[in-house]
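As structure tokens, here come the structures.
Heads up, the next two complexes both have chain A, just with different partners, chain B and then chain C.
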Partner chain A sequence: MKKKSQMQFGETIAILFIFFMLLVVGLVFYVKIKTASVGQDISEYKDVRAVELSQTVAFLPEFQCTEMNVVEPSCFDKYKILAMQKVSEANHAYYYRDLGDILIEVQQIYPFGETIVPYNSTPETFTVASQAHIPISLYDVESEKYIFGVLRITTYG
Partner chain B sequence: MSRIRKNKLLASKKAQEAETQFKWIFVLIAGAVIIGFFSIVVIKQKASSETSISAKLTQQLNTVLTGSKVTAGTFQEIDTPKFSVEFSCNDYYVGDISKRLNNKIVFAPEKIEGRMINTWTLEWNAPYKVANFLYITNPDIRYVFVVEESLKDLSFFEQLNTSLPVKLNRNFNILTYDEDPESEYSTLKPRAETHTRFIYLTEEKFTPKIPPLFSGREVSGLLILPIYAGTGDINNLVFLKNDGDELVVRELQDSTFTKIRYLDNPTLYGAIFSTNPDTYVCTLNKAWLQWNVMSEVISEKVLQLKELLVDTTCSKIYLRGAVENPSGIPGEIAKNTKLGYDPELNILGNYVSSLKNINNELQLRSCPLLY
Partner chain C sequence: MVKQKKAQLEIFGLMIVIVLVMLGIFFAIKFVLLDPAPTLKQDYNRVQLSSNFGVALLQSSSDDCRGIDFSELITDCAEFQTISCDGKRSCDYINTTLDSILKDTLDLWKVKYHIVARLSSHPEPIIEKYSVDSADRQNCKNDKKTVGSLETFFLPMSHSGSDMVNFEVFICG
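So, the complex of A and B:
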């Protein structure tokens, strides 16, 4: 009788052990999936952040061409960008709040010309850097001509 | 023999009873452990899922705010999951998750709840484009426009009423403030809104009575005094809060200012959409900061143009601006003193008209414009 009870008790313990083992295996599996999903979320967040940054930069009033306050779409004022080189340095903290660790470059493609850097906050060390290129027209008020250019935004992570 | 057998049977019965009791205790402990384990998992999972939803909503809202910020002149109705978002000057909160607004200039009520969010974006030009102002509300907030009885000239309010988005939840007929129980104002009925904001246009400060049917409901108010009859002071605002059956002054927590003034229409709309005077003043300060930085950009641009166009009619205009009015070249003052919002400040009006004149003249002479 005693032996039978001991055997029954042992069986119950074994069942519980297997049950908890399966539970642990299930949990490990769930955590792994969750970690992968978090990784995917982070990567998605970075992509969204890059798009938001490109949008923010492309529509900064500090860059846009205007004529009596009428904004020309996809047009950057060359002299405003040149001015921004100085202003963004003097007001680095202000721009850093919105833009963070990024590098903005405006490259003159045709006619070929210098590359202007209106904002530079490249960190000393970084693990990832992604780039976005946006074609723009750059207006030169001196020659009254439009230059074909590319707005290059490098985001550091 | 029978006695021994009897004793054995008794011992066996006792052992069985003890075993059954032990089994039940074991089952109870094991059951409690299993239930406890699953309860902890469920609670943790619930908390994690709520945080995750809040984080997702915050991120989506940020995308909406960024998108809205760049498309000036639009009113957007954005469907959302049921949510509650709280706005301050520098942050917004969805559940436990907060996100910085950074340099975004957002005028919003302290709390928005529901399944839809409305955004309205306007350019702020002073006189050059400084920023896009973003106004946030939702259909659960109703705006009621009321003029004070003695006010004769309604053109300002009519213009204000027509310039606001058509889809904004508001009354299109301007009511006249009248405490008579039979008046249109006193018999005004609430609709399905959760918050009603009364906007009064007046020449005198007064304490408005809340229409009786709104008693016990969430109500706030704003007095707009384009010209204050007592002192001739202009563009004053008084934020009001619910105090039972009337709306009383909601004082600024920040005691730096004793009064609040708007600068132009976009900043006035800001006061209509904001319910907290401190948040409103703080947001205006952010706008001022952006104006200072933008002024520096324009100033640097003008300096470069002056060097390029030396000894031309154009450079003379730039120079004349600088000689006749030391603040003629934008940003000169901004460089010396960083301006913040100040209710006594009327420098912006002079700036704007001076720069508009210079820009018009530059256009007439076919010179590169300031803006």
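So, the complex of A and C:
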């Protein structure tokens, strides 16, 4: 009688042990899957944010060529971009609200020329999250020529 | 006998639990861990690169060719090659300048591309550029099989009626 009850007690303990083992394994697995899923969501958010920033910068009115107040499509005014350097420093908070911690550079490729930095908000400690390169057409009002340039946007993580 | 059957039933019950747990793990792996990551940024980069590169290039003024646009130089290269730049014909000038621009842009960013200028009436290319790595010539070509983003620009010619130059920028995915 005693042995029978001991055996049954042993069985119950074994079943409970297996049950809790399965529960722990299931929880660990769930946490791992959730972590992977959240990581993917964060990565997707960063990508969306990078695309949004590229679009915002590429269509900033401070960069666009205009003639008689009409915006010329696919054109960036070189002297407006040069002026933007001082404007963005003087109104850093205003631009930081929309652009955040990024570095915007405009490099003249053909003919080769200077690199202009119209906006710089590099944090003190940073990791480069991503860099986008957008080929652009820079218009030089002085020489009335179009320069092949690259708009480089560095986003910090 | 009854005890044996009871034990067998209990084991059977445990087996069912294990099978259900394994099925759950299988579905979790299939639909969560192995789910392909979204490619929004890559798709956007490819599309905007092919479009913006073509627009910027065609609009650019030549440095030592009296400021003539590249679109005009390309159409001259396709037609009569009457324009001479710094001692070179328009076709040679475009090829040299395009190599220089590509070296500082798409080649530097390690982007695979296939750039072609051809007459709409003739499939033979007038200008053709591939990405630097020779292996890419096999992998990145503007054909129906390669995944990528194509942007075509139509450049009308002054003396050839309805014929025009198709300038194609294909960025491989």
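Throughout what follows, the second predicted complex is superposed on the first by the 153 of 157 C-alpha atoms of A that agree within 3 Å, B and C clash if a C-alpha of one lies under 4 Å from a C-alpha of the other, contacts with A are read in each partner's own complex, and residues count from 1 in each chain.
Here, contacts are C-beta pairs under 8 Å (C-beta built on N, C-alpha and C of every residue); 3 or more make two chains touch, one makes a residue touch a chain.
Keep in mind the model is a prediction, meaning the values are calculated, not measured.
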| item | value |
| --- | --- |
| Fit-or-clash call for chain B and chain C when the two complexes are aligned on chain A | fit |
| Chain B versus chain C as contact partner of A:14, first or second or both or neither | neither |
| Which of chain B and chain C A:132 touches, first, second, both or neither | second |
| Contacts of A:42 with chain B and chain C, given as first, second, both or neither | neither |
| Which of chain B and chain C A:24 touches, first, second, both or neither | neither |
| Touched partner set for A:52, first chain B, second chain C, both or neither | first |
| Vertex chain A, arms to chain B and chain C (CA centres, degrees, nearest 10) | 110 |
| First, second, both or neither for A:5, with chain B first and chain C second | first |
| Chain B versus chain C as contact partner of A:145, first or second or both or neither | second |
| Touching partner for A:68 - first (chain B), second (chain C), both, neither | first |
| Partner chain in contact with A:87 - chain B first, chain C second, else both or neither | first |
| Lowest C-alpha to C-alpha distance for chain C against chain B (Å) | 11 |
| Chain B/chain C common contact set on chain A | 48 |
| Chain B contact footprint on chain A (complex, rising order) | 1-2, 5, 9, 12, 16, 23, 45, 48, 52, 55-56, 58-59, 61-62, 64, 66-69, 71, 77, 79-80, 82-84, 86-87, 90-91, 94, 97-98, 141-142 |
| Residues of chain B that touch chain A when the two form their complex | 12, 15, 19, 26, 30, 37, 59, 62-63, 66-67, 69-70, 100, 102-104, 123, 125, 127-132, 289, 293-294, 296-301, 304-305, 308-309, 359, 363, 368-369, 371 |
| Complex interface listing, chain C residues touching chain A | 14, 17, 21, 24-25, 28, 32-33, 35, 37-38, 40-41, 44-45, 48-49, 52-53, 55-57, 59-61, 63, 67, 69, 97, 100-101, 104-105, 109 |
| Contact set on chain A toward chain C in their complex | 18, 22, 25-26, 29, 33, 36-37, 40, 43-44, 47-48, 50-51, 54, 74-75, 109-111, 130, 132-137, 143-150 |
